[in-house]
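Lettered A, B and C in written order, each chain numbered from 1.
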Amino acid sequence: MTEVSNTEGGPRNALAVPAVRTPMTPLRRAFLRNAPGYMFLMPWLLGFFLLTLGPALASLYLSFTRYDLLTPPVWTGLNNYDYAFNSDRRLGNAMRVTFTYVLWSVPLKLAVALGLAIILDKSVRGVSFYRATFYLPSLLGASVAIAVLWRQIFGVDGLVNTLLLLTTGWQGPSWVTHPKYSLITLIVLAIWQFGSPMIIFLAGLRQVPQDLYEAASMDGAGAWRQFYKITLPMLAPVVFFNLVFQTIEAFKAFTQAYIVSGGQGGPIDSTLFYSLYLYNEAFANLRMGYASALAWILLVIIGFFTAIAFASSKYWVHYEDEGR
Amino acid sequence: MSKGMNRRQFGAIMGGATALSLFGSLGARAQDEALRLIWWGNPDRDRRTNEVVALFTEQMGRNVIPETYGWGDYWQKLATQAAGGSLPDLIQMDYRFIFEYARRGQLAALDPFIGQQLELDDFDANQLASGAVDGSIYGISMGANSHSHIYKKEVLAAAGGTMPDHTTWTDEDFMALGMQIKDQLPSGMYFTQNMGYVEPRLESFVRQRGKGLYTEEGAVGFELQDLKDFFGYWKMMQDEGLTPPADVQALDATGRMEEGMIVSGKSLFGFIHSNQLVANQNLVTEELEMVMVPGQQGGVPGQYLKPSMLMSMAQSSTKKEAAAELMNFFITNHDANDILQIERGVTGDASVAARLLEKLTATEKKIVDYLAVVADHVSPLPPPPPQNAGEVDRAMRPAWDVIAFGGVSVDEGATRYYDEINSILSRI
Amino acid sequence: MALKPVSAKQALFRHTVLFLASIVMLYPLLWMVMSSFKPDSMIFSDPMALPTSINFDNYVNGWSALAYSFTTFYKNSFIIAISAVIGNLMACSLTAFAFARLEFRGRKFWFAMMMGTLMLPYHVTLVPQYVLFLKLGWVNTFLPLIVPKFMAVDAFFIFLMVQFFRGIPREIDEAATMDGCGPWRIYWRIMLPLSTPVLATAAIFSFIWTYDDFLGPLIYLNEMKSYTVPLALRAFIDSSGGESLYGAMFAMSTLSLLPVLIVFLAFQKLLIRGVAMGALKR
């Protein structure tokens, strides 16, 4: 199935010493050793320098300016950062909302995704249907329809309240527009769209060799033991990936809050996600300089948590290509 | 031979895909001579505008590239284009933003064109003045509107209420009417939507006291006590059960009409701008009537006629004369306005307005009649809002909600908001 | 596939969980579909009511309600999405292979840079990137939406593939090298075929996310005839207080799910087939 031998003859190794006599200086050896890596990296390097680094550095510069998009930026030094750390009450609020959102939505989303992926991994009747069904909500993405839907479910006359009324006779509040509960509805929305991490877990589960499970069953291990001893460790790289990525995305979350709250982060800033606050500062209040500063602060925060994740991964994530 | 040609295959695929994507760029170059027009809207307005654009091309022989977005996306797109110096030639503007853009030099002064490409002899002088910033005209009003209340005619009658004379009624009359009929209203429906967070309503309120939202110099135009009275009135309305509770009322925070209290059947009275009547009526089965905003005991008229939206020109436009012709076409051309009608508001051009009168539906006639009544009960236009006025407006909702949800007392909430207004205005 | 026979109790438990979960997942969508058959006036005044008749008006009207019909919008969406998939698969797999399998100076540094690009909120690089593309003359074309994919700008896929590549034992590479394979052949002949699940995953996500993206098209596409489906859908709703066409929007939203759903259903078989890892054991 996999072709591992070179049957056509010819040069045995693209990096073998060429027939031409050029001296193998250390420089040349270094070049030859690094060349393949950089060749493969070329498309990304191009993109990074041309498309990402430039704009990123520009935004860093802008964070030290006052820039309203309509007139050229004006240098103001550390003013933006000073305001952010010392005077911006709403920013503190936005951070609290965002941290709460990350802390709740990420673990729950991953747990649901993993749980359902494991159930679906066995041959269950109708597995294709279920898989598609669970993924369907994620397909709606940033659709305007979601905003309306969410209100129809969590609004004062919505589905949740109708059910509550029927079963307990209690009239619930308008969950989605009540300062105490609005964030919860957004957390539920995040969990509802667990399809992406679930698919990734499924792909990861597919790579766990089945004979491991067979051997374990023959040794008398039950389902939970198999889960702890086989599934989880084998899945560790995938769990790590999902954890890191979902956390980053949760910190950056914007669209759901934007469309459900109508762009205001309300009521009373209870759904004012960090990115939503940033967006309003940039495009509604025309303070792009300040927004840039906010973006870099967020970058540092996310970077910090990601670095922790990577550092900790040494202890619980084991790759097949050990020795790196 | 080793299959090194995989690299070539790879390269071929890359090249092919790039070529494929280049198809998208073909045709983009051909439009250099054309004018660009941008507006925010909805399917109905888009259809009418596109027809007018086609008509213009037919009659004047110049191509126009239309660009349209939803309201929320519009300002982000516009700001981005402005940052890149690539604004379209003609821009539909909102009353709040036109001052931001004009003061920062993004809009062209239209005075040179008035009397030339812009044939505005028939145009209402007040309407024209409403597009002025610091002495020059930066936008032409595309239609007038004013604040108003709407209510469901049959429901009021069925609850045993009668509407007093709307040109003289006061806040007390309003509350009294509500107290009288509130128990006869259908289940789930309250007397009125709450207006404690509706800045235009606050504006009417303070104008009735002879003040305004802002002074000429750009400072706050009213006092803390006015704000306390205003918030106090609406908190009382909420406590008396005349308005929906805070969390239900908050459902309309998105600004979408469908989520408003009138359309979702939760209130009898609502606040709208006059040109929103048709859209509201389309979503509701009961007939809607439009009346003036209640005044105050011993107060002066608080309403005024303002532009629903304006048409402006980009300072960066390289085809200003041609753009002025297109602008004129929209505002004064009879064929064009037969298509546009009063979807954007009642036009300031008298000859067009007279001509349109016969073509209007019953609901649209209500708007025209209403504005005619209001015109007799207005006070002068307010000065242009200062920088950050938009932010003050946006901050009103959370400020009100804290009071409405019971977090703070009226006095405390009013003081906080008043301080916040001042701090927003002083922030550069 | 599990060979252990599943007890009836386990199967019942599983099916109950799955069934209940499905209802929860599907209810909002069902509401949307139901509403797409109702006239606008009924949708909000009577949200729970079933439509009185299955009326396709919203679908028919919605298709051509905007200045251009949805045929145009779907065509645009597909061109962009498919190009993006090709670009992502090619560029990101190359990059991931470099990070996961090749040794070179600065590898850790570049990896950290790559992760960094994932963390920057996009609203802030938006304007500088726009100015860049404006200077290149690419605004109002599809180029800003497609060309970056060929330069592996979607770090998510790089990261994803790196994780998967690292799950493949190195012994295979070593065996191949001893047989004379260079890095290209290892990549092309060994790594890619073994990575079908992750490539399929990347293809699905790449398609769906590009298809669903509205921010990029919003900023870079000026004329409605170049709009993609999500951008067109936003034109139905007017939150400035004008008239919106909700029924048509729901109808078109429902329809817009179909292509992504089909893509998903088509590719998920690749996820099923998986890899017979047994053949590669030491």
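Convention: contacts are C-beta pairs under 8 Å (C-beta built on N, C-alpha and C of every residue); 3 or more make two chains touch, one makes a residue touch a chain.
Predicted, not measured: the structure shown is a model, and the values here were computed from it.
Peer 1: From the C-alpha centres, identify the chain that is farthest from chain C.
Peer 2: The chain lying farthest from chain C is B.
Peer 1: State the pair with the higher C-beta contact count; candidates are A-C and A-B.
Peer 2: A-C
Peer 1: Indicate the whole-number Å distance between the mean C-alpha point of chain A and the mean C-alpha point of chain B.
Peer 2: 37
Peer 1: Centre to centre, by mean C-alpha position, how many angstrom separate chain A and chain C?
Peer 2: Going by mean C-alpha positions, chain A sits 14 Å from chain C.
Peer 1: Mark out which residues of chain C touch at least two other chains, giving numbers and ranges.
Peer 2: 90, 127, 150, 184-185, 234, 236-237, 239, 246
Peer 1: Would you pick out the residues of chain B that each touch at least 2 other chains?
Peer 2: Touching at least two other chains: 2-3, 72, 76, 80, 83, 254-256, 258-259, 264.
Peer 1: Would you pick out the residues of chain A that each touch at least 2 other chains?
Peer 2: Residues 6, 11, 14, 69, 148, 157, 262, 282-283, 288.
Peer 1: Please output the residues of chain B touching chain C within their complex, sorted ascending.
Peer 2: 2-4, 6-7, 10, 13-14, 17-18, 20-25, 28, 36, 40-47, 50, 65-73, 76-77, 80, 83-86, 88, 94, 254-259, 263-265, 272-273, 276, 278-279, 282-285, 343
Peer 1: Can you name the residues of chain A that touch chain B in the complex?
Peer 2: Touching chain B from chain A are residues 6, 8, 10-11, 14, 66, 68-71, 147-148, 151, 155-157, 173-174, 176-179, 261-264, 266-269, 280, 282-286, 288.
Peer 1: Which of the residues in chain C come into contact with chain B in the complex?
Peer 2: On the chain C side, the touching residues are 40-41, 43-45, 65-67, 76, 79-80, 83, 86-87, 90, 126-127, 130-131, 134, 138-143, 146-147, 150, 184-185, 188, 218-219, 222-224, 226, 234-246, 248.
Peer 1: Would you mind writing out the residues of chain B in touch with chain A in their complex?
Peer 2: Interface residues on chain B, with respect to chain A: 1-3, 72, 75-76, 79-80, 82-83, 100-101, 104-106, 188, 246-248, 250-251, 253-256, 258-259, 264, 388, 390-391, 394, 397-398, 401-402, 405, 407, 428.
Peer 1: Any idea which chain A residues touch chain C in the complex?
Peer 2: Within the complex, chain A touches chain C at residues 1-6, 11-15, 30, 33-34, 36-38, 40-48, 50-52, 54-56, 58-59, 62, 69, 116, 119-120, 122-125, 128, 130-146, 148-150, 152-153, 157-159, 162, 192, 196, 199-200, 202-204, 206-207, 209-211, 213-214, 217, 237-238, 240-241, 244-245, 248, 252, 254, 262, 275, 278-279, 282-283, 288, 291-292, 295-296, 298-299, 302-303, 306, 319-321, 323-324.
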